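Shared between the two complexes below is chain A, which pairs with chain B and chain C, respectively.
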Partner chain A sequence: MVLSGVTKRFGDVTAVDGMNLEIRDGEFFSLLGPSGCGKTTTLRMIAGFEYPTEGSVRIQGREMGLEPPNRRPVNTVFQSYALFPHMTVAENVGFGLKMRGVGRSEIAERVARALDQVQLAHRSDARPSQLSGGQQQRVALARALVNEPAVLLLDEPLGALDLKLRQAMQVELKELQERVGITFVYVTHDQEEALTMSDRIGVMNEGRLLQVGEPEAIYERPTSRFVADFIGHINLVTAECAGSGMVRIGDGAEVAVPGVQGAGGKVTIALRPERLHLTAPDADIPAGANRLRGVVRRRVYHGDGFTYEVAVAGTVLEVRTENTPGLVRYEAGSDICVYWDPSAANLVED
Partner chain B sequence: MAAPVTPELEAAAERAQARRGLLVSLPAYAYLVVFFAIPLVIVFVVSVFGRRNPRGATVYGPPTLDAYRKIFEPGPDGSYLVLEIVWRSLWLSVVTTIVCLLLAYPLAYYIATRTPRVRNALLVLVMIPFWSNFLVRTYAWRVLLGRSGPVTAVTSALGLTDTPMIFTVNAVLIGLVYGFLPFMVLPLYAAIERMDWSLVEAARDLYASGWQAFRKITWPLSRPGVIAGSILVFIPAFGAYVTPEILGGSKTTLLGSYIVRQFLQARDAPFGSALSFVLMSVMLGATIVYFRTGARNL
Partner chain C sequence: MTGRWISRLLGLHSWAVYVFFYAPIAVLVFLSFNDNRLVTVWTGASLRWYREMLENDQVLSAIRNSLIVAGVSTIVSVVLGTAAALGLERFRWRGRRIFDGLLYLPIIIPDVTMAVMMLLFFVQVFGLVELAFGPKIGLGLATISLSHVAFNISFVAVVVRARLAGLDPALEEAAADLYADRRQAFLHVTLPLIMPGVLGGALLALTLSLDDVVITSFVSGPGSTTLPVYVFGLVKRGVTPLINAVSTVMLVASMLLVFVSLIFQRGDGKVPQGTRQ
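Right after this comes the complex of A and B.
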């Protein structure tokens, strides 16, 4: 599926701005971004509920143009599930097949198989209102998948579920996608969801696609301040280039950052809290590491780890440590040394 | 100092709550008893125990079903006048309901799918006729459909007919549809407006054409509005009095007018009461059947 130069304007508001994106066959692709970033509008343009103001949407090499939703090889799982309340579970799942004129016995067979796939064969005569949220979710999935679409569109389908169920469904969804081999385009504002399930992620903000890549690339090597900040926790430090691969931060301390060129220019470097390490002020650190001396300002307990706020070189860095046996804890106010490998730092655009 | 709660205390609290509920609804109950239940009993008593004496007064005696029997008996000229009138009232009110539904559904759909501002303006327009008297508005139709009215002018200019429509069944039908249309529009609007449009999108996504999505999703989901609107139109149309009196002729007598005539001209209160009672029973029966079938398919 290819989107090229897709723009959508509602009056004066530009919801999606010149989007170019290629989604590969059989991949689990997530569109990630805050609410109002245009990710749902993008999905609706693929489904055919909205038409682009400019640009082209091609699915399986076919230009979609102004084709209505019923003539596109895609199906949607809606945020609110949109199950038909006046039909049984089986009638809901069989709706698409019936509309396409598939024979009665084949419908029954395929519906049974689809419901089996989502472990709901025993509820086929129930009404949607008699099902739990998780079950409704699975009916919505079965209703879309039974049509064997080229692309399945999912609009924050797990948003209404509670945390435990959501995590279980994440695994289930990913497994289901691998089993059926259908391309999934998954819209979410939940970065954890996107990171755990996706083959690739596209991060959007204010109608623009900022970065596309595998989850690790998005997390480890964000190219912009927005992407770095939106996904996970991160320290963003403004620095001045000091020549020969060094930058000067805060009160003038110099640290090495790979890829920095020239002197005098301003850059923003991004450092993940878990890539920073703490140790006593005069302890030995690995060769080549950057080190800064500072003072612990605050320590926050998370159960599986601690987050420290450390004042160093005129700025504040967040440092994350795992709750491992024998972990040394530092109290607020104690002198400390922060060190990290230069490769942990990333240059990002503002 | 409050005592710990026991099952007895909880039951007492629930009873107190029920008493308060009853107290609040007492005025409504009183109104219904005085103006609905008691008159109903009186009508029933007159229809069963009353007889018309030769001077047109009602006298009472042992219970009899003579007044009811009269409905099904041929008149002095051998025609089943009463059944004819009941039949005419019935089909006219059914046609009125259907015409109202056909006119109101697209209108309600249009209003419900506008932006909130336009929507409210259109709803006010639907309700504007209520600002003037029903009788006055019905007399206006008499002018519109009369010999020198615009409707006759148009039909004769088109070479269709020179006969004015006034005092025909069609005139009554137009008057009834005109009068009861808002009662169909408003419940339909309410039903369509609160519909979840993502259901229609889901149907379109699942290969339904626009028309199929309407038939399979929008229509069944707006059925509560169709039922409510149909009842609100059918019942007053079945018992309509003012509209057929003003717009209808002698050949288009409806049940409402016929009942009034029994009381005021024929001075046969038992027969009028029996007719009223049958009218109410038919309406009640139709309403129950309609609600049942509608609710089942929901």
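Right after this comes the complex of A and C.
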């Protein structure tokens, strides 16, 4: 599936802005972004509920143009599930097949198989209102999957579930996707969900697609300040280039950052708190590591670890340590040394 | 002490209200079984006036006219009113806002004004038709039915629209997503879900049509008298127990309609979900 130059305007609001995206067959692709960034609008243009103001959507090499939703090889799992309240579970699941003129016995067979797949075979005669939220969610999933679409679109399908059920469904969904091998386009504003489930993630902000990549690439090597900041915790430090491979931060301390060229330009470097290490001011550190001396300002306990705020070289860095046995704790006010491997730093665009 | 008095007074008051409501009905029904020619003089129980009603050609023709008008105007206004509700609720088009306001005009306009309007309109149109093509058309069942359609559309549209407004638009999108074309989506999803509203609108239209006197009497012609108009005419010539019998029949019919509509409204509750979020 290919989106090229897709733009959608509602009056003077630009919901999606010049989006170029290629989604591979059979992949679990997540669209991640804050509320109002245009995720739902993108999905609706793929489904055919909205048409792009500019640009084109191709699915399986076919230009979608103004094709209505019923003539697109995609199915949607709605956030509200949108189960038909006047039909039984089995009728809901069989609806798409019935509309396509599939024979009765084949419908019955495929519906049974689809309901089996989501462990709801025993509730096939129930009405949607008689099911729990998680069960309704699974019916919505079966109703879409039974049609064997080329692409399945899911708009925050787990948004209405509580945390426990949500986590269970994440695993279930991912397994199901691997089993059926259908391309999933999954919309979420939950970064953890995107990181754990996706083959690739596209991060959006204000209608623009900022970065596309595998979860690790998105997390470890964000290319923009927004992506770095949106996903997980991160230290963003403004620095001045000081010759090849070196930057000057805050009060003038120089540290190594791979990929820096020239001198005098301003850059922003991103450092994950868990990639920074603390040690006593005069302790040995691995060769080649960057080191900065500083003072512990604050220590926060998280159960599985600690977060330190450390004042170094005119800025404040967040450092995360795991709660391992024998861990040395540093009190607020103590002198300290922060060090990290140069490869842990990342240049991002503002 | 005073508390007890107040609750007694309140109890008395509600009794008084009920008597005020239902005593006339009881009197009407009771006297319809009176054998005497004079309504107020009780001589004995009989079904004389019911028999007379069934033997009276004018009454029978009025009943027949009423049923035809009510049937035709209900069917037509349900179709048009539902379409109007769908158009206003589901589609965006130029002039929708204006149309939205205009649609409810017949509900607000006084009956007499509406009646005069309709009469003038028919007279003008028929005059033009005669001038242009020659044939002379008169007032009759067709004009009554048309007038009833004119006000019933609004009522049906209001009721159906309320139902539509409570329907999650995602349901119709889901239908389209599952390969239903517009017609199939309407038949399999939208229509079943708004059916309680459509039936409620139909019953309302039926009741309003069967009850209407003012508009009907303006636009009816010779031989096209409906039952309420006929009863109204009888009263002017003095009340006979025949009126009581006819009125009792209308009362029972109305009550049946209300009863049926209550059953539908109960059925309404059985269609849960589908609410907007």
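Structure notes:
Here, the second predicted complex is superposed on the first by the 349 of 350 C-alpha atoms of A that agree within 3 Å, B and C clash if a C-alpha of one lies under 4 Å from a C-alpha of the other, contacts with A are read in each partner's own complex, and residues count from 1 in each chain.
The rule is simple: a contact is a pair of C-beta atoms (placed from the backbone, for glycine too) under 8 Å apart; a residue touches a chain by one contact, two chains touch by 3 or more.
These numbers were taken from a predicted model, which means no experiment stands behind them.
In this overlay on chain A, chain B clashes with chain C.
In the superposition on chain A, A:G262 contacts neither chain B nor chain C.
Looking at the shared chain after the overlay, A:P128 reaches chain C, while chain B stays out of its contact range. Applying the stated contact rule after C-alpha superposition, one finds that A:P68 touches each of chain B and chain C. With both structures placed on the common chain, the touch criterion links A:F49 to chain B and to chain C. Shared contact residues of chain A with chain B and chain C: 47-49, 68-70, 74-76, 78, 80, 82-86, 95-96, 99-100, 143-144, 147. Chain A contributes residues 47-49, 68-70, 74-76, 78-80, 82-86, 95-96, 99-100, 143-144, 147 to its touches with chain B in the complex.
Here chain B touches chain A in the complex through residues 196, 198-199, 201-210, 212, 216-217, 220-221, 297-298, going by the rule given at the top.
By the touch criterion given at the top, residues 47-49, 68-71, 74-76, 78, 80, 82-86, 95-96, 99-100, 127-129, 143-144, 147 of chain A touch chain C in their complex.
Contacts from chain C toward chain A in the complex involve residues 168, 170-171, 173-181, 184, 188-189, 192-193, 271-274, 277.
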